[in-house]
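Below: one structure, written as structure tokens.
For clarity, chains are labelled A, B, C and D in written order, and residue numbers in each chain start from 1.
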Amino acid sequence: MGGNTFGRLLRLTTYGESHGPAIGGVLEGFPAGVEIDFSLVDRDMARRRPGQSSLTTPRSEEDRVEFLSGIFEGRSLGTPIAFLIRNKDSRSKDYDALKDVYRPSHADFTWEQKYGHRDYRGGGRSSARETAARVAAGALAKMLLAKAGVEVMAWVSAVGPFEAQVNQDTVNPEQIASNPLRCPDPAAAGRMIEYIEQLKEAGDSTGGVITGLIRGVPAGLGEPVFDKLQAGLGKAMLSINAVKGFDYGSGFSAAAMKGSEHNDAFSTGPNGEVITLTNRSGGIQGGISNGQPIYFRVAFKPVATIAKAQQTINKQGEAVTLEAKGRHDPCVVPRAVPIVEAMAALTLADHFLRNKVASL
Amino acid sequence: MGGNTFGRLLRLTTYGESHGPAIGGVLEGFPAGVEIDFSLVDRDMARRRPGQSSLTTPRSEEDRVEFLSGIFEGRSLGTPIAFLIRNKDSRSKDYDALKDVYRPSHADFTWEQKYGHRDYRGGGRSSARETAARVAAGALAKMLLAKAGVEVMAWVSAVGPFEAQVNQDTVNPEQIASNPLRCPDPAAAGRMIEYIEQLKEAGDSTGGVITGLIRGVPAGLGEPVFDKLQAGLGKAMLSINAVKGFDYGSGFSAAAMKGSEHNDAFSTGPNGEVITLTNRSGGIQGGISNGQPIYFRVAFKPVATIAKAQQTINKQGEAVTLEAKGRHDPCVVPRAVPIVEAMAALTLADHFLRNKVASL
Amino acid sequence: MGGNTFGRLLRLTTYGESHGPAIGGVLEGFPAGVEIDFSLVDRDMARRRPGQSSLTTPRSEEDRVEFLSGIFEGRSLGTPIAFLIRNKDSRSKDYDALKDVYRPSHADFTWEQKYGHRDYRGGGRSSARETAARVAAGALAKMLLAKAGVEVMAWVSAVGPFEAQVNQDTVNPEQIASNPLRCPDPAAAGRMIEYIEQLKEAGDSTGGVITGLIRGVPAGLGEPVFDKLQAGLGKAMLSINAVKGFDYGSGFSAAAMKGSEHNDAFSTGPNGEVITLTNRSGGIQGGISNGQPIYFRVAFKPVATIAKAQQTINKQGEAVTLEAKGRHDPCVVPRAVPIVEAMAALTLADHFLRNKVASL
Amino acid sequence: MGGNTFGRLLRLTTYGESHGPAIGGVLEGFPAGVEIDFSLVDRDMARRRPGQSSLTTPRSEEDRVEFLSGIFEGRSLGTPIAFLIRNKDSRSKDYDALKDVYRPSHADFTWEQKYGHRDYRGGGRSSARETAARVAAGALAKMLLAKAGVEVMAWVSAVGPFEAQVNQDTVNPEQIASNPLRCPDPAAAGRMIEYIEQLKEAGDSTGGVITGLIRGVPAGLGEPVFDKLQAGLGKAMLSINAVKGFDYGSGFSAAAMKGSEHNDAFSTGPNGEVITLTNRSGGIQGGISNGQPIYFRVAFKPVATIAKAQQTINKQGEAVTLEAKGRHDPCVVPRAVPIVEAMAALTLADHFLRNKVASL
């Protein structure tokens, strides 16, 4: 009952420990007949990969995805798509010293309480390295969604105290890709980069916010009760390492608003289609997409591994001073952008399939 | 694939439309041998019921829960616990006029797009009346959790612009129950009540925030990857009608913090147990409970149904002016407190069972 | 994890103990827009009901199905269809004497080992009364299948040593309904009825075989690996009380055949469609329907409750002589015919929906 | 919704096409802390492997299982156990000629109807090669069961018209392993081998029966309604390629018996434990194990691929004469013995875990 599977009709199961032989996944329920563009997988893997820029950890894994099944003559077969990513650059000796130490705000203690036996090397299964498998599968989900006209993107909207100003109507992937931070507001990006470099120097880290945007969603995706579209997106995002919060549409700000300010009036668009004049609903009403853009925010805590000295204890209950020596990101959000996109794409693609059986 | 079931080992399936014969649920996977205290079900049902105070809708349903199975001689059998709640006071004629109107920020339009055929009376299955079944099942989940020493509570922490000051170390159910708003800060509660009454007068509504707190959770609940404990709680809360956001522990504020400020140092408690000196982790690390209190926030949008005139369209695309005449809450959060508790209890109880099979 | 749910996209959850307030079910995933003919539910309920003829138990429950949700204006809403059947004629006092006795070949002992706490009245949840909920849901599944041209029927093909001769190409529901045994071979039916009446007199019981037949199945239903169509049908049938075996197509007789005798040659039919010249495959190849009729056999053991004296023990390990005094069928197969049909219909309807998402 | 996952708490997902890069699986829900003996995996893989004797296909794959995750320092971590088996000896050119031919009693036609796009090389995903992943996972399930004292074995009990006489009380793995047919009746085995060699000469094939036996099962495994233990075993067996029937305990023969002959009287054993004096129940009552040995039969059809000329058609509807030239078994049952054991072990291990949450 380990919770290593995501989705109902499109089901991703991931496996692998950070310093074991490999990580990978099996994507089941992917429909037959979809053309697979492997270069899009490579592109998203490169966006998640460590060592992309001076802002991120130098661990230099190539992260090549090897597909083992489910694709034949360039198209999906309808059978499980299995893939693996070998763990090549795993200096597990770095971690021997940490074998018995409970690192602050890491999963060492909780894992040990739950399972007794654990792989202490680099976080084992708790490592964010697991998300590489999500990104690979998410790229496939994007191909499926593209067939239905759905486009998924995400960007860095805050780092520490700095917030970006972004026009959601016009933002595009090129703007997001224009700087290593994946923040489409160049001025804010500059301040964020400077801030991250200062923290790196100081052996510290910072949190941040990623905004996700999904355009072209047909009305009707999502289920009305427990599996509301926002509930699925929220679970997807909160399952990403270091995420502390999720909101969509007007989000937390809605709590302070009046109904008369918040409601989205219905109207008709240029082609007679039903539209809303505002979109505080964030493209979802009653758990079901209404055809307007879906947008949401995902809050990340600061990276727990820092170079600064910290007090903690070990398994024996003894006080220990910890000074991390490994290779770690001072800020995880730029690399988390493709992970957010992948989880959003997997969620939407699953609901796209689910909607096919809603009515006869 | 309708998404009417919540949970993996402890599984609640709910059914029923707002103005059909009944709503209800089936709770499967509830272990055999748990003593059932029906008065605790009644108590939580009363806390959710409409018409409790002048602040809430006067719909005067008795909401009596009839149990049909799964309990014998005062204890659970291990078989499905089925229950129903009859819909007695359903003035469905009130809704005939709305049959073809797309109410702003309601599910009328999206439901029609998804299913074609819909029960337009009072929102049908989209009505928050469905949550009565969750409260009944949640009361049972609380009984299971109580056996393990786990206590679940929630309170109103913000209404519109007013925020409560609450000491999470000392807050208790009696303080929460001391006013009709379920806000344990009496001064703030006074201002909130005044505000809601003004809005009621003006035919408007407001949003708010509920804070949840779970004490006594043993370390080890939650799964490390997709089914992290916070992901389950987030999904649970975002599946409640009108919820727009969820965060836990330091939440959205973590995004602006540094790692050196945010990390929770481990230490040992008076009995040698492992504790953290701070609890920005919100009782969860790596998706698994660490034994500290779990706390989280849930943001609710303002009630969409307001008496003020609103512009919208009908099914035929014609402009319509809408003035709601039904019986509606100006602020949903006081009644949503037991719903938040119920969903938290169902989530925790499920993970409590799941943890039983994590190791041999 | 109680196993009270059947199906993946069309999911039936049943609940209820034999002598509790009610039994019933929730059918989730039934698509919106299907017209519901309640008389077809009543008809199948009547076919399963006790007391239909002198051959069956006189327990005179009316078994009226009350629908609580999911149907509006005569059509399915796409929401859960919940229903209940009250337990009216439950002389539970009959069972008090059996409270501590382990009846031979019943579930008393195993249930007690598993759950500790059990409802001993009339078998509780282990009673075949649970199958009434399956028959109600199966009638709805048949309505869905009828839309796709699929027809499900079953008949008694053996009772004790007597076997019926039936032409599967021409058999029809009228022939099956022409005698109380539901055996379309009138000569065999006569011998079977005589045999059952002798056994009744002697306080004994007999087993039997039911044959199922499904016509009009489109090619493509079923999944190629674990969820082969025959695996689903087999599980469905083996989940019925008293069933000891299942085979399909050539079945157990295939074990003694040669490949050159057994293979079904492909050819083309009058309209150019692909057919097989024989149908030892039973309409399924590689787990997927091929468009030919699906047929299968289900073996039932003799009813365990008999009037003849039997030796057994009680909970205290003491020897006990048991002489059943309740109202019991000497042969369960005539009443099991609609149960077999219901489980077949639920299985096929689930795969019908699953097939909608197999390819894009 | 492809049906590539088996089990509820212990979940095996398999992947891979016969002539793709690899086949493999992910076993999720395997508890932490179980010692893993890789030699037992190798042993079962060797028992399933082609080319073991002159009776089986000469395809000489090494079938080495590479484990990728979930095991650390010789014990399970509680995380997914992923493994793969490379496809080395895949002469896919052999199959080019069959690209458009519908082989009799194979899945070519049904697969094409379902998915449109298919991997025609050697059956693709429909090939029995997929079962190698089941055997690998089954070996792990056996290790888990061994901890609970449960032993799983199977043997060939019939080939064509020849049936073995086996004493279920005394049969053991050594007797089964004493001949290449895995039949513990040496006299019958001799006749069966002679028969198979004749068929091989004649370019024909035969069916057979495998009997499974599970000893040491504690009382309480299995669920009372849809997930009866026999329903799970039946599904497991019917999901194996070429299986046409399943029965357990008295099986199909029960249909002709009287209740007074069939019932198993309860008594007490030498240590006061509850036993049954006979075991026509096959160790399962009301879907739940009673502590007696579980036994069942699995019927296999003759191998569909034969060297003898056969009439069939191709995709264009043209008549084609087929003479198989590949490497194929004349009788699949000896190699299917470890597959039957694996599926039984996976089923029992899943129910072993499920039973841990049945009562508090």
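The criterion applied here is as follows: a contact is a pair of C-beta atoms (placed from the backbone, for glycine too) under 8 Å apart; a residue touches a chain by one contact, two chains touch by 3 or more.
For clarity, every value in this text was computed on a predicted model and none was experimentally measured.
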Shared interface partners, meaning chains that touch subunit A and subunit D: B, C
Comparison of A-B and B-D by number of C-beta pairs in contact, larger one: A-B
Candidate from C-D, A-C or B-C with the same interface as A-D, over half of contact pairs in common: B-C
Mean-CA-position distance for subunit C and subunit B (Å): 39
Centroid spacing, where centroids are CA-atom means, of subunit B and subunit D in whole angstrom: 46
Centroid spacing, where centroids are CA-atom means, of subunit A and subunit B in whole angstrom: 26
Contacts with 2+ other chains: residues of subunit A: 1-2, 4-5, 9, 14, 29, 32-33, 78-79, 114-117, 125, 224, 353, 357-359
Residues of subunit C that touch subunit D when the two form their complex: 1-6, 8-9, 14, 102, 104-107, 109-111, 113-117, 125-126, 130, 158, 160-161, 199, 204-209, 219-220, 222-228, 230-239, 241, 243-252, 254-268, 272, 274, 276, 280-282, 284-291, 297, 299-306, 308, 310-313, 317, 319, 354-355, 357-359
Contact footprint of subunit C on subunit B as seen in their complex: 1-2, 4-5, 9, 11, 13-17, 20-24, 26, 28-29, 32-33, 66-70, 72-73, 75-82, 84, 114-119, 124-125, 353
Contact footprint of subunit C on subunit A as seen in their complex: 9, 29, 31-34, 78-79, 144, 147, 224, 353, 356-360
